[in-house]
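The two complexes that follow have chain A in common; it is paired with chain B in the first and with chain C in the second.
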Partner chain A sequence: MKFVEEYRDGAACRALAAAIRRKVTRPWSLMEVCGGQTHAIVRFGLDELLPREVGLIHGPGCPVCVTPVALIDQALAIAARPGVVFCSFGDMLRVPGSTEDLLSVKSRGADVRAVYSPLDALALARELPGREVVFFAVGFETTAPANALAVAQARREGLRNFSVLVSQVRVPPALEAILASPRRRVDALLAAGHVCSVMGTAEYLPLAARHRIPIVVTAFEPVDLLQGILLAVSQLEEGRAEVENQYARLVKAEGNRPAQRLMAEVFEVVDRTWRGIGSIPASGFGLREAYADFDAGRRFGVAALGGAESPDCQSGLVLQGLLKPMQCPAFGGACTPDHPLGATMVSGEGACAAYYRYRRFEPAETP
Partner chain B sequence: MTADPLALACPRPLRHDTVQLAHGGGGRLMKELLEGLFLPALGADPAALHDSAVLEAGGARLAFTTDGFVVHPRAFPGGDLGELAIYGTVNDLAMAGAEPLALSTAFILEEGLPFAELAPLVASMKTAADRCGVRLVTGDTKVVDRGKADGVFITTAGLGLVPAGVAVHPRRVRPGDAVLVSGDLGRHGIAVLSVRDGLRFETPVVSDCGPVHHLVAALLAAGLDLHCLRDPTRGGLASVLNEIALAAGVAVEVEEARVPVDGAVLGACEILGLDPLYVACEGRLVAFLPEAEVPRALAALRAFPEGAGAAAIGRVTEGPAGRVALRTTLGTSRLLDLLSGEQLPRIC
Partner chain C sequence: MCLGVPGQILAVEASPLRMGRVAFGATVKEVSLACVPEAGPGAWVVVHAGVALECLDEAEARWMLESLAHLADGRVGEEG
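What follows is the complex of A and B.
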């Protein structure tokens, strides 16, 4: 398939892996920030191609995984209301709140629908004027423009039966929290390519400078990831700490300006709680006061609802790169994709689910 | 005595209080429903599970199977519910190596269903049955209140004759067997998804919906020692391989580069975050047979237009039992696990 096969070419991958082997002289830990990158690394077995010195740590960039239990409980409460059509991206449907997931609420009669875009939910709101259509606006900076567009459009059209439950998070503050931690184990970052295609690279310059860490904006295919790793390892070996762009075919330094304007119009920066990690200042978006009418949390009076995480789930450590999934005592026993304790086991992009699906028969590494 | 709730118990307790959609998804939850409720309650033997049961009667060996059809929407590029109801059951008979003899059908109709929607489905059933050379010999009709069913549900059952000397069953799969597919994978699932969810692709994907019994007949006529056959419907190739690996107590290795997937299907899967190896086919078969017979099997399949894309994609190894691994195009390796239910499209 054009523009995919080229980036999955075995010879190109082996050549890049050889270049990494030639470059590396000592152990380094690289964190790939995005869940899509984690998924690709495990799906294609890229870590098998790397020299022992290069360790990969899976970062917090899975929006499904970091959505807090409290927000999922709010989603469950809203979805269970009569007259509500609750729309969500498919992979949020199986994520457990404190007691159950959206699919369970659906099986008891709630109208829960998987959609591919917030604009599909908007179209439903137009089609069903007698129903309340709610969209679960989850994601990083990548999904924020489309979610903002849906809200702005709803206001323009005067659609009164459409609202969004916002769980929108920002990458740089989470990276700041990880890099500032006294337990930091990360030597370089592979930043999330799609997030940067929206936001550009400027936000990462102060992070790289302050923490003396190489940051390579990296895409999601095997050739991309290995090239990103090569760039990061080269910086480390040469004592540099710069922001580099591996994903130049899509990411511009200034990002996508119209998308940024739309986001700024609808959203403001707020503090957010990350599932398994806790509250991080300025790490998310919330609706601006001018758009408060479209806030599902307010409309349905559920904003105060909040549940707690399973005490046995260590996804917070996994999301910060402090624990590998198979080192968790619950992995594969008390916690499986059918009976997940935490969201990293549910989402296809979650590190625990990726290891369960692709690596279960291998012995656990020692910490 | 131990009171450990995780200690092995039989039957295994079901983890949900109510039926979830995933219980019908061909994955792990469905396995739980079978092993936790149906098989113990009905006194059935889990080891005997196959696409068709084989019964001995009066010196003949009869294959017997049944299937319910509930696809939404009822028509999709390349087929409709009526055709599926015939091919699905004919193919299940074929998976036991049987020649189809006769089918039964039962309709559950929803009050208010326009005849203009029902008639084309019935006409499709007739055309499909004629194409398979099989007759519909008995049937039943029920009508339920409006809102109690999704228009029309069709159930068919089939009876087939297993030729002498043919024994096609998961327990015959052994290390050293090769794994073949009769054509490219994932067309049906993507074709249905594209109309169900109003997705438009530049290149439309047409379902592979069709019979495979003639392919099986050709393999048998070539004198091949077919150990096992399975049609990769719900849950796709990956689920079939997991079922067989578990049932036969073997491991399976698949070469990703050899698995035929059409470019349009691959593209749709990339966009939606789906893995084509888990997407349903309705006109393909997976065959297990001795490695040495691969060239003759491929030649027999490729003699038919619908077998033109046949390929040897992997092999059976000693174990660990139930492990299905994929050798990627990069030469690395990963598991092909059984999913819990149907795949969910990813956020980004």
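What follows is the complex of A and C.
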């Protein structure tokens, strides 16, 4: 058992696609929530295996894509400070703020570094006691335990030269906003497997009940995604609206309790602005007052001011599943991975970047 | 961003971060096992951003794959 190859088996994929074809009797729109799922669907061409009746809509689950311009501008201002070592996950480095990105600041001499984990930034703070090490703590619930762990450990060690710029977002409030929209076109959701491995499935029960929508917690390999789609289509055809767990090999109903305790110790629920979507109540985490010493915004006296999105970027509609990437007039022309107008073209998990990389230029159908 | 990679624990050290060595195929990395306090050497975990998120359940994984093999063989009906 290696937990990867087995879930890429072609025969199993074909059998699942055939089962979906036998099951479906009418058109349905399914939204995969996570950008990792979007990437796998486009990379493996899974949407092309599906019957015409089953349409996939790409959801908002790319934390890099939804980090607001104002926070990126705040990151740029902190990174440019003398003595700062600004650490970030690699895919944040090229996300455009109002006027530039972190790589541009680095090219002018700022010490900006891509790290794999917030624990790597913590190690840098230990190694460089004379420097201020700042970590750009971006992510969904999946990343919150790692960010919380780094902050809690910094306090335990008394590391006074470590701080975080937090842009943590929560999935369920964003789904609530999408499902409550009068423009809603989603019939079922494939929930993000790794988010649920941390948080469990309880948060999704009221969403499924209130909006009469099937929600299937789904993993990321081709077999997983097709099985998640089969479970969702079966629910729709049978008139059910339940929370099901396709990723039972990892996700427990109660989630990961130690991770949740760690997050609750360091973070509290706050309102957050989502790039391209707007402010969503209770849709993120911020540092608790007890950890305010580790807030990079406070430490450097840099506030998040209103930053402006490129007027040609339609990523907000893409993130809400209202527009396919190639339906944007800028896609592949004014906006490419080398010259992105918006974050969905930068991140490997952004729908626009996935469509560009796998050459989905033809607007074959409306979403 | 929420990429999680399955790996197998080789060794665990007793420290506040509960760091351990985890093998991802031929690559071995230092990972915090603080969120999977029950997991020891030999266990499979999914790792994200340097932290193990949860343990993989081999019995569940096998059960799912076997049920899919039946689907591919046509031994199971349309319900899958």
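Just so we're on the same page, the second predicted complex is superposed on the first by the 356 of 367 C-alpha atoms of A that agree within 3 Å, B and C clash if a C-alpha of one lies under 4 Å from a C-alpha of the other, contacts with A are read in each partner's own complex, and residues count from 1 in each chain.
Note that a residue touches a chain if its C-beta (ideal position, glycine included) is under 8 Å from a C-beta of that chain, and two chains touch if they have at least 3 such contacts.
Remember, predicted model here, so these are calculated numbers, not experimental data.
Residue contacts after overlaying the shared chain place A:V42 against chain B, while chain C stays out of touching range. In the superposed model, A:D91 makes contact with both chain B and chain C.
Looking at the shared chain after the overlay, A:P222 reaches chain B, while chain C stays out of its contact range.
Shared-chain residue A:S104: touches chain B; no touch with chain C. Once the two complexes are laid over each other on the shared chain, residue contacts for A:N256 go to chain C alone; chain B is not touched. In the superposed pair of complexes, A:A19 makes contact with chain C only, with no contact to chain B.
Of the two partner chains, both chain B and chain C are touched by A:V138.
In the superposed model, A:V4 lies in contact with both chain B and chain C. Within the superposed three-chain model, A:Y116 lies in touch with chain B and with chain C [touch as defined at top]. Ranking chain B and chain C by residues of chain A touched puts C first. In the superposition on chain A, the residues of chain A touched by chain B in one structure and by chain C in the other are 1, 4, 14, 36, 63-64, 89, 91, 116, 138-140, 142-143, 194, 347, 349.
Across the complex, chain C meets chain A through its residues 1-4, 6, 16-17, 25, 32, 34-37, 44, 46, 48-51, 53-58, 60-62, 64-65, 68-69, 71-72, 78-80.
Those residues of chain A that touch chain C in the shared complex are 1-4, 6, 9, 11-12, 14-16, 19, 22-23, 34-36, 61-64, 89, 91, 116-120, 138-140, 142-143, 145-147, 149, 153, 156, 192-195, 197-198, 220, 223, 227, 230, 234, 248-252, 256, 258-259, 262, 347, 349. Here chain A touches chain B in the complex through residues 1, 4, 8, 10, 13-14, 36, 42-46, 48-49, 63-64, 89-94, 103-104, 106-108, 114, 116, 138-140, 142-143, 194, 222, 337-339, 347-349, 356-361, going by the rule given at the top. Contact residues on chain B toward chain A in their complex (touch as defined above): 15-16, 18-22, 28-29, 32, 197, 199, 263, 266-267, 270, 272-273, 320, 323, 325, 328-335, 337, 339-340, 344-348.
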